[in-house]
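Below, subunit A partners subunit B and then partners subunit C, in two separate complexes.
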Partner chain A sequence: MRYKGNILEVNDLCLSLSNADGAPVKILNNLKFNVRSGEILGLIGDSGSGKTMTALAVSGLLSDFAHVDSGEIIFEGEDLVKKTPKERRLLLGEKIGVIFQDPSSALDPLQTVESNLSEIISIRDGDKSKGHERILNMLKTVGFDDPKQIAKRYPHRLSGGQRQRVLIAGAALMNPSLLIADEPTSSLDTVTSMSIMQLLHEMCQEMGISILFISHNLNTVRNFCDRVMVMKEGTIIDADTSWDIMGQPKSAFTAELLMKSKLDPHALGITRGEARENAASVLTAKSICAGYKYAGFTNDKMNHVVNNVDFDILEGECVGLIGSSGCGKTTLVKSILGLIKPSSGIIEMNGRIAAVFQDPVSSLNPAHTVRWHLAEALRASGRKMTREEQKPYFLKILEDVGLEGKHLNRFPHQMSGGQRQKAAIAMCLVQEPAVIIADEPFSALDASSQASVIKLLSDINANRGTTMLIVSHNLLVIKAMCSKVLVMDKGRIVESGNTDEVLENPKAEATHALLKAGKYAV
Partner chain B sequence: MGNEVRTVFSKICEFVLTALLVSFFTFAAFSIIPGDTARVMLGPDASEAQVQQLRTELGLDRPLAERYGTWLRDAFRGDLGNSLSFGTPVSELISSRLAVTLGMSFIALIIVILVSFPMAAFCSRNPGNITDKTLSTAGHILFAIPPFALSMMLILIFSKVFHIFTAGRYTAPGDNFGAYVVSLLLPSLCIALPKIAMTFKFLRASMIEYSHSDFVRTAKSHGLTDLRIMLRHIIPNSAVSSITVISLVLSDILGGSLIVEQVFNLPGLGRLLLAAISRRDFPLLSGIVLYLAIITVILYFLADIFAAVIDPRIRDRRAA
Partner chain C sequence: MRSSANSKRYLYIGSALLAIVAVFFIIGLIWTPYGINSTDSASKFIAPCAEHLFGTDNLGRDVFSRCLAAARYTLLVSFAGVAVALVIGTITGLLAGYYGGIIDKVIMVLSNSIMCFPGILLALVAVAIFGPSLYNVIWALGLVFAPTFARVYRSSTIELLGRDYILSAKVMKVNPVRIMFVHILPNLMPQILPAVIIGLANMTLFESGMSYLGLGVQPPAASYGKMLADAQSYMVTAPWLIFFPTLMLVCYILGLYFVSEWVRTSVNGGSK
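Then we have the complex of A and B:
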């Protein structure tokens, strides 16, 4: 029997986080909302708005640095704030399930899928033989065709989407009343994330599980949530049924967030990067094959990820490279950049190439400031400048990428994700490249930072004439920025041409799949 | 199946190469260091002619490469020759001493594992609290004391003050196995203590890291108790990452036992090694070095197998 009424009521919740000096920083400010039984409630906001802290506070997984100052979290009629940590841990196994953003390391690498899931059953009822059946059934429910095979596999042999399914299976095995899903799809590609959203939707309808769905993208949740709340600086600023919030946002902030989520080129003020008249080609690839070697005993085996890829990029163009995850996009980018050696083929370039990568956290050295990074990029480009000359030049570059002078002496951890990505782009600009290759530069950012980084790259393309190759699984980004698109599937370019033509009259099956997924989720 | 055969085969090749290099360098080193075997054997009073005659008998006048070739050929047949100073076959001498060195190393390893794992698990629960700080500091102090100094301190405490251990008394395992183990306990402890500090320090850091990992968070969200999470997830994962450190510790332990044997006056390989060097007994020295190389390679091999058994990713990397 499911609990009737409001399954979760959060009343005037205040939460603070102690920073490095031990001083408390307010994260949640009189937060007030409720989750009705059997609904999917969307919680939307930029990073740093307190969404994840809300999830952790409700689930009881807060770190030692976080502290609930006041307020109550009433779950099925009982105040969770008053419970001991032990009671809350018990509740986690029984009634509250949680799935998190990044499935890559969320399963124990030393244990099979079945063993990872069996711990859920063994702490409830000891009967393992029944557990085996239940796990197989659940794996089937979450969409695996061969649950027996999957159960025996180790996590490193699963893709990101498969891992997230296993984790959802785990959460469903507990048969919780409330499932908290904290950005469960934002690290997955479009096709996969759509199927995960559908799965969650079915679980809600068939098993009667209430879901608190957290996301940074308003556009993503519109088809799946019964109600949507928008969060900013630790409070709810807008709450309504999803239809109403999309149609007539009450606050200006929600309207802006919606605009950024939809990536409307007119509203953002960006234009597609077209090739100049009589433009020469700056980057040409001829029958590129690349892959990874595995050391064998007698001979090395080659696993080909990229097969006979040809393309030609003209000066000033902005070209999109799309494809679902695992299709070889990143391997192709790496071979263009010379990070791996292609096994055959020719790459011709006219000028320097600079790159921006997906994860702005790990692509900057945490021990050094922005200034050091810029100086290093300058050294790498072979230009010489005295320290006196450097400073005004760096300040100009920072201004160009939308950062301020004070950021010059900041360390990566002192900046937000969007700022870090802008610093990475500044490093590119210092090298004065002819081409910038950006490999999924937006997918680790929230909707607002995404929009500003997209605007920045588009402006660089328009003002400086820098040619761009944008790798993304997000069709809206490609539509807004790119005049030409390459569609990749299973290591080959299956379709290419003018963006509108390809996306409106797709010929390849892979393009169809991407478009279909793109309609529902971004 | 084919993969395992291949792995074992490549390990054997690796081993043969190691043994060849090690034995050659031993031979070469012996011909470089000052001191003449024949002169040492006959004493300072012997005439130059006598020394020359002995040199011919022992084959010392032949070139290095030829001597090494002969030794290698015999070694492949399982004959390491006779010791010059003891007059008995080298293999017999070594096998009679192995029990001490290997037994001591084994006991030391067990002590290291039994102490450092629980200690690290305990400290990683609340890093920075008073128990953690005390144990970490104690570890640093132990780490800084060289084994021979520690040996003397422990002998002083256990033999002179408490009278529960007699230094220098050794029972062969064939005579009384219990007494054999007891006689090796204190020397093993001397080798183990500094290594505990090292292993503990590494394990503690790795356990703290794993306790913040995503899969531990998943386990928490599944409602597992902290104890179960420690036993089921954190300890096995830290064990994998500590295998490299532990196999390094193992070869350290072997080296440490050579020194501690001297202090405790135990008839092990270490003392035999010193005797062989000081008496310029090159067949014995080559034999001991070869044995130590074999043992080390086997230990690393076992560590590799152990890692592959618990970590599926390592198995796959091999297969791929």
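Then we have the complex of A and C:
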């Protein structure tokens, strides 16, 4: 029997973290919300707003450095704050399930999917003998067509989306009353994340599990959540049904977030990068084949990920490269950048090439300051400047990318994800490249940073005439920025042409699938 | 909270123990109460007293003076040996990790072959071939320890190679040597610092072992290992001959272990 009424009530919760000096920093400020039985409640906000801390406080997984100052967390009528750590551990999994963002680190790599899951059953029932059938059924429920095969596989043989499904299966096997999903789809592509969202929705309806769904993407929560709360600086500033919050946001912050996540080109002032008249081509690829070698028993075998890809990018153009995950986008980009050697084909380049990568955490070297990064880029470009000349030049570049002079001497860990991504773009600008290749540069950023980085790249394209190749699974980004689009599927370019033509009148099946997924969960 | 208080305690105890050795080292450099090899047949086997703080040995040499002087050689051998191991290990480890392929295979086969021999045996063979001298001991120990560092560097380098900032450096066509030493190396400090400290401790144990067997630091220089070797016949009648050199070794090695524990917990953010 499921608990009736509000399954979770958080009242005036204040939580602080100790910083390096031991001084407390307030993270959650009089937080107040409730989760009704059998609903999906969306929690959105920028990074650093306290969403994950809320999840950790409710699940009882807070680190030693965090402590609840006041308030109560009432779960099924009992105050969790007053419970001992041991009592809370017993609740975890059994009553409260958690799914985290990174599915790759949540499964034991040395055990098969079945052993990973039977571990869960043995914890719940103390006996794993009858688990086999239940595991296969559950794997089928979470959308695997061939559960027997999947059960035998090790985690490294599953894709990101498949791993996330296995984790959801694990959480569902415990049959919890409340499932906390902390950005479960942000590392997945559009098609996969839509299917995960649908799965969670079905679980909520069929099994009566209440879900607290955390995301920084308003569009994701729009279609799947019953109610949505907007969080800013540790407080809920807006809460309503998802329909109302999207239609009539009460606070200015929500309205801004909404505008940014819609990526309306007019509101953001983005123009599409078109090729100039009589523009020469800057990047040409002719029948590129690339892939990875893996060691066979007698000789190395080649696994081709990219097959016979041709394209031509003209000066000043902004070209989008889209495709579902695993279709070979990143391998193609790596072979263009010279990071892997194509097994055949020709890449012709007219000018320098620079790259912006996906992960803002590792985009900058943690051992060095922003100034060092810019100096290194300058050195790599072959230009020489004295230290005195460098400073005003670097300050100008930082200003161009929307950072301040104070960031020059900062280390990466002293900056936010969006700022780091901007610093990485500043490194590109220092090199004065003809082409910038950006591999999913926005997907790990929250809505506000995403909008500002998109605007920045679009401005660079418009003002400096730098040619861009944007790899993304976010169709809104491609629509807003790119004049031309390449659609990739199974290692081949299946469709290419003018963005509007391709997206409004898709011919390839892969484009159809991407558009369908994009409609729900961009 | 608790873990950080615990690790601070490690630091305090470790530093206190190392401070004792440091004081011996500094005093030993400038002054010893008696000559370290001056024998006095009239004062053999004197138990610790006001005149001879740590007593005297079978030849009437002052144990306190010898302990002061031995600190110099123990520290010299351990630091110089670790420096040699670190230089060789850094270069080979970075090369193996960065380039992979045949370079990696050759370096790893070599280092595995060194590691599968008992370290002390290998160092003894090297010293037996090239002759027992302070510098040969340092070289031999450095070579024996280099594979340990090479492995740490290699695996950490491989881990860092996939990071976007290294990819970005490669895209910028930064020279591979510069990528290894300027881009990668500073990020390996959290792994390498505890390895260096543990290396110092192990190096000291090895050096004492070799000196004990007569192939380490050679007389007239004093060494704790040699002092223990000389004292073993008088263990029962003059226990102070064993006690004080052992105490110094324990202070140094335990101090290093405690400090390395602190470094490990604080640099790696408390991860075990």
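We adopt the following convention: the second predicted complex is superposed on the first by the 517 of 522 C-alpha atoms of A that agree within 3 Å, B and C clash if a C-alpha of one lies under 4 Å from a C-alpha of the other, contacts with A are read in each partner's own complex, and residues count from 1 in each chain.
Here is the rule we go by: a contact is a pair of C-beta atoms (placed from the backbone, for glycine too) under 8 Å apart; a residue touches a chain by one contact, two chains touch by 3 or more.
Because the structure is a prediction, the values reported are computed rather than measured.
Superimposing the complexes on subunit A yields a three-chain arrangement in which subunit B and subunit C clash. When the two complexes are overlaid on their common chain A, residue A:Leu339 makes contact with subunit C while staying clear of subunit B.
Contacts of A:Met427 after superposition on the shared chain: subunit C is touched, whereas subunit B is not. By the touch criterion defined above, A:Ser105 lies against subunit B but remains apart from subunit C after alignment on the C-alpha atoms of chain A. Taking subunit A as the reference, the larger set of touched residues comes from B, when subunit B and subunit C are compared.
Shared-chain residue A:Pro392: touches no atom of subunit B or subunit C. When the two complexes are superposed via chain A, 201-209 is the only one of 147-155, 201-209 or 237-245 in subunit C with C-alpha atoms clashing against subunit B. Remark: subunit B residues 6, 9-10, 213-215, 217-225, 228, 232-233, 236-237, 240, 310-313, 316, 320 touch subunit A in the complex.
By the touch criterion given at the top, residues 1-3, 163-165, 167-174, 182-183, 186-187, 189 of subunit C touch subunit A in their complex.
On the side of subunit A, the complex with subunit B involves touching residues 59, 61, 89-94, 97-100, 102, 104-110, 112, 119-120, 123, 154, 156-157, 167, 170-171, 174, 294, 297, 301. On the subunit A side of its complex with subunit C, the touching residues are 18, 64-65, 337-339, 353-355, 357-359, 362-368, 376-377, 379-381, 424, 427, 431.
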